[in-house]
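Each of the two complexes below includes subunit A, the first together with subunit B, the second together with subunit C.
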Partner chain A sequence: MKLLVLPPHFRTAATLLGPPVAVLAGGFALVLAISSDPILAYQDLLFANFYSAGSFALFINRMTPLLFLGLSVILSFRAGMFNVGGEGQLYLGAMAATIAGLASAGAPRPLGLLLAAGAGAATGAVYALAPALLKVRLGVNEVVSTLMLNFIALLLTQYLVTHPLRDPVAYGAVSWMLPASVWLPEIPGLLGATSAALIALAVAPLAWMLLFRTLWGADLRAAGSNPRFAEAVGIDASRRVLEAMALSGGIAGLAGALYVLGVGHRFEQNFSPGFGLIGLTVALLARLHPFGAVATAAFYALVLNGAAYMQIDTDVPRSLVGLLTGFLVLFMTARGRGAPAPS
Partner chain B sequence: MLTAQLLNSTLVQTTPLLLCALAALITSRANILNVAVEGMALAAAFAAIAVGQATDSSALGLLAALFAATAMAFLFGAVAIGLGADFIVAGLGLNILADGGALFLLEEVYQDPGGLRPDQFPDLWRVPANALSNLPLLGGALEGQSAIALAAFAAVPLCAVFLYRTPVGYALRAVGEDEAAAAAAGIRAARIKMLAVLISGVLSGLAGAQLAMDRLHFFLPDMTSGRGFIGLSAALFGGAEPWPTAGAAFLFGLAGALGDRLQSFQAPSEFVLMAPYVAALLALTIARWRAARRAKPAPIRNRQT
Partner chain C sequence: MSSTAKEDVGSDALLRLRNVSKWFGEKQALAGVDLDVRPGEVHVVCGENGAGKSTLMNIIGGVLQPDEGEVIFDNRPARFADPLAASRAGVGMVHQHFRLLPSLTVAENLYLNRQPRRFGLFADRAAMRRGAATLIARYGFDLGPDAVVGDLSVGQRQRVEILKALGFEARLLILDEPTAVLTPGEVAQLLDVVRELRSKGRAILFITHKLTEALDVSDRVTVLRQGRRISTQATHLLSERSIAIDMVGREMRPLKREGGPRAEAKTPAPTLSASDIVATDSEGRPLLGGVSFAIFPGEILGVAGVDGNGQTELSEAAAGLRRIQGGAIHMAARDVTRLDVRARRSLGLGFIPEDRLDRGVSAGMTIAENVSVGAYRRRRLVNAAGLVRVAARDAYAAEKIREFDVRGATPRTPIGALSGGNIQKVVIARELDQRPVALVVAQPTRGLDVGATEFVHRQISAAAERGCGVLLISSELSEIFALSDRIAVMFRGRLVGAVDRASATEESIGLMMGGGARAP
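So, the complex of A and B:
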């Protein structure tokens, strides 16, 4: 007997909000068990970003790369490519922007900035195109190849930032400071918040338009969900896949470039707390929808930054977020017992 | 002397890769792309050091490692097989969970997010020095290897026998090749897949235990550093056949050992560390390239009719 029959849109809301709410509730139970001040811990986790304008700016800066990477994952997944190389594309994009930014020290103001951002996006695109070509031409599994490329990219940037680009007077593995002429301006009226956030917020509807309101997007989604059908009706599926991966890598590279130009102003080897994997989580939580990704990226930025305040104010370690994210992704695609497997 | 040394360090590097590769091989024969090897091995490494330190017994540490990895494997199997989740997404989730869980425990229990470094840690049983001095090359290569390394070498023929000479192995390969046909033949596919995942858990557990307990005797949050994925590449490169896969793992181990050698010639360590990942990527590409060449139909010559 069904006591509660929900109308369809309520059910969608439940499937969308269910997982994060369940995980947050489970996390609260854990915090209750280990903490002497669970209320303050969760209050910090969820609301610390709004305590001051400064922490709100940090929230904006954290959300920006997450939204970019979420959109990057959405574009590749919609084309049926499991691009888990976002982290590597992000790092190489950031590194390319750093090199271009340092090289264009004397260039007039917008030119150097555009050059650096373009270099980052192009590098990311090329770095994603390589595994896509391997997949399309030879059938090399893209999950494994992009994971390998992540390690290679991280080691490469680590070499560059500790040897040729190392700023010897700074502490830690960081590059020379970029000339102020290539810095991305802050959002007017929001001290410390990067205007890259506005670009990310503009890319989200663009990605939606591309995917759901153009023929190209329809072809791409067809190529992703059923490549044989796509080929049979005359869609050049391989080409769509390559284009989607180039876009996906370009967005991830742009995320790295804009982080360097807008927030770090120099390359720092550990600038990403795993933006790649969190971007994947953001995209999956949004059910691969660009507008959903805006919400889920904001949610993740909220929780990641809130966790830092939580660790300072209470006895709950911030790795609580990592633990909960693990459960979230693990159960994300679970359909329940007896559900038929998609073929 | 030098070659025996190089062979010895190659085997040290190979052991965890080989175990990860076999773990990925077993699941891949059941048609599961197992990216969770990484997380299972990480959980095992943490359990090995935590329990080994608490009990001062390497045997208990090893048991804890096996238990932790198998428990992770069970969770993975329950979600992916029982609840029908996507294997890749669930596997990546398991990796995040292992990483986040280890960090959480480090901060919550040991108050040190940097890692777990016991002052004293019991060593594993290893082949005594000079025990095999009458064997020319192999003796020098095997002396000093841990018990887990020996188990890893033995696991290769065991996997071959299991897959090709036992009824369960038959069933496992049948499920991997055509699940519907296997089910029609009366094989309980879900159970067989779960078994494959659990076996891969045990093998990943050995890999994690070897990483933490063999020489280092400490745990670091990024300790596995992609070895699970390299092992997965080895299994794919070896076409999921036990001996070729072991050969691939040995090759990647050799790349690592040669890299260590190079380091004494002032090569930047980053490029040295890159060697196994580049080797794995190249190997995968070559394997697929050869397969593509073979699958290509012969060119049609100009027929004069």
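So, the complex of A and C:
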């Protein structure tokens, strides 16, 4: 009955690092069983992102939206709002940035960029405010409303990119190319890597500070963890919820805008491989902590991109990653009977 | 630890526990407990919260399994895998919270899970009714087999639970804090039922932390403290004081409030008052039907009553958490009827809600975060830029933890990890820190043990000493009488009485709680 007693920080490290290590080890056993070249497969999965500057840049570009969306989810979940509409907010943010970018073709260099990015963030914020208002005023379940709004956003942007904004000479459903004056520069010295990554990495500590070091954050977490308590001690819970959702949607919208401005340079239909959904897992695996999200977003980007190289080089299909991440979620969320739930 | 020599009960005991231990994780809930219960005996188990009473009963009732030791029932080693196995063996349990289906009839509830069948398929309703009527008649209860449980009073529902637990063959009946939800009159009836069962040769294990009941009904009393059996003694050798000392491990100092608004504090305007407030639920049914009261500085108005007569709604209306449909609420001379919680708090209203985990704290957040809510600006726990001064906040929390004797706590401990009494201390620390001029307190010691109760009473009393007007809502009569200057009773959404404590007796208030009489 007596448990092995470990120093607390060691136990924390073990609970955080244990599951990924166990999953990777288990995955290796699986690969060993099905592959003729298991070492190469795993080498690709874990290290191919670092083989060249080019593949590292791709890793950075993959991580950026994941981190943004993870942070977006953290802000809303901490306010007790299960915002699963990240994908829709992302698409609308990207579309708004595209339209603003195309419209500000003649604008001086940083102005058009700022305008487009701002349009993306604002659109995302407004799109997330709608379900928040419905929740606060009418008690409409936000899981349903944000999920449904995803379809509206997806189909609306699909229409816009296949009809009014479509570049008829390009292959596939893509918009006109944005003027180079509104492009987000690359990270100096890292060809092809979007500097949106630096913004995402700056937003993470800002989100942490906001949540854990301001009065606003304390009120927000109180409202999110126990709204009836917040009400009883005079916290304006509804207001905090609206603000948190606007921020959450704004970050998701910004993610879409910066993807268009920094990576795609035009709106591409289906540009997101489900960033919104993966962002949910990124946030949950990080236990809704902004710094944790940096690690989990990087991990996801690593294995998502690594799997592509693995599939090319070996006979292991990339769907292995789906399996591994599924197990990871299972291990991270499972806990011993009687152990306290995460706060 | 045992203060009495192990009694030689021999083989006449129906239930024998030997050296029973139970761990929850690293925490030991029971440490080598022995217990004997004889047929035809009422055996009371006393103890503070967390002493292990419920764990022990759950082991006997088959809800939990012991980690060590043995349970011997009817001279056979017993290991009940689940409550059903225990009930088949003849152990019936009445839980503190009723486990009845309110939409079904008494007979259907009694036969839940063991319905007589016709052709092995259909419920034999006629047989059920006959059986239920026989059972009710055997114990002489005032129940009809066809009555819908949802329409019954709390006392009647409890009798249905007792019948259900007894079934036709239970020889040991466990009652887990059965009097917590009853009016004084219903308590007396319950104790009569218990005596009746004893005379029929049943063994009864009666869990309570109310000492008068323990002395009143029992043949022997076992006291648990921190998972250990402290003593088992024949009731005629015991007094309330001796049981309390065993329970707490030290001498108790019961609170005696001199009380009353001091003459010089008696201002023309009451610090908190309500005039004819009316509240209805969403379907328009009345919850509060014209409640009026006035509390002067330094005065405690006790509101007694059986749960569910509008006390929750009254406390919420006073705190600003419930919109009222009529009437007015004043603080000092100011009309606060339309003001929200935040505005009322800034005028000096404190609120200690009836359910700590519901409205009192956010269980997932730390003690520091819970106790600092509302104090950030007052105590300068944020700097000019709006950032929380973490060191100052933790220091403030540490100071409150010391001052209010919150056990097993550091500022960074999640508050949900504390016991109920310690959580309540944090709530009180927070609400009293702003030196409220009016305090709404609902069920402040519900579920608290003797020691924590004493502490909470002192804090409320001290607040009144400082000139705070207190609205004390409690279904615990002893608490009402210990603290109040005047006593009123909530009955069906109305406030009856408001009599001076000196002229009130437990009997007169108890009658009013049952709706039996108006104030003298």
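Odds and ends about this structure:
As a working rule, the second predicted complex is superposed on the first by the 327 of 343 C-alpha atoms of A that agree within 3 Å, B and C clash if a C-alpha of one lies under 4 Å from a C-alpha of the other, contacts with A are read in each partner's own complex, and residues count from 1 in each chain.
Definition applied: a residue touches a chain if its C-beta (ideal position, glycine included) is under 8 Å from a C-beta of that chain, and two chains touch if they have at least 3 such contacts.
This one's a predicted model, so the numbers in the text were calculated from it and none came from an experiment.
Of the two partner chains placed around the shared chain by superposition, subunit B is the only one that A:140 touches, whereas subunit C remains out of contact. In the superposition on chain A, contact of A:28 is made with neither subunit B nor subunit C.
Legend: residue contacts after superposition of the two complexes on their common chain; A:230 is shown touching subunit C, with no touch to subunit B. In the superposition on chain A, contact of A:84 is made with subunit B only, not with subunit C. In the superposition on chain A, A:218 makes contact with subunit C only, while subunit B stays out of contact range.
Ranked by how many residues of subunit A each touches, subunit B and subunit C are led by B. Judged by the document's definition of touching, subunit A residues 339-340 lie at the interface with subunit B and also at the interface with subunit C. Within the complex formed with subunit B, the subunit A residues making contact are 34, 82, 84, 134, 137-141, 143-145, 147-149, 151-152, 155-156, 158-159, 162-163, 277, 280-281, 284, 317-337, 339-341. Per the touch definition, subunit C reaches subunit A in the complex via residues 23-26, 67, 319, 321, 340-342, 344-346, 351, 353, 358-365, 369, 372-374, 376-377, 382, 386-388, 390, 414, 416-417, 430. If you check the complex, the residues on subunit A that touch subunit C are 1-3, 209, 212-216, 218, 221-222, 225-226, 228-236, 338-340, 343.
Contact residues on subunit B toward subunit A in their complex (touch as defined above): 33, 35, 75-76, 79, 82-86, 88-90, 92-101, 103-104, 106-108, 113, 225-226, 229-230, 232-233, 236, 268, 270-271, 273-274, 277-278, 280-281, 284-285, 288-289, 291-292.
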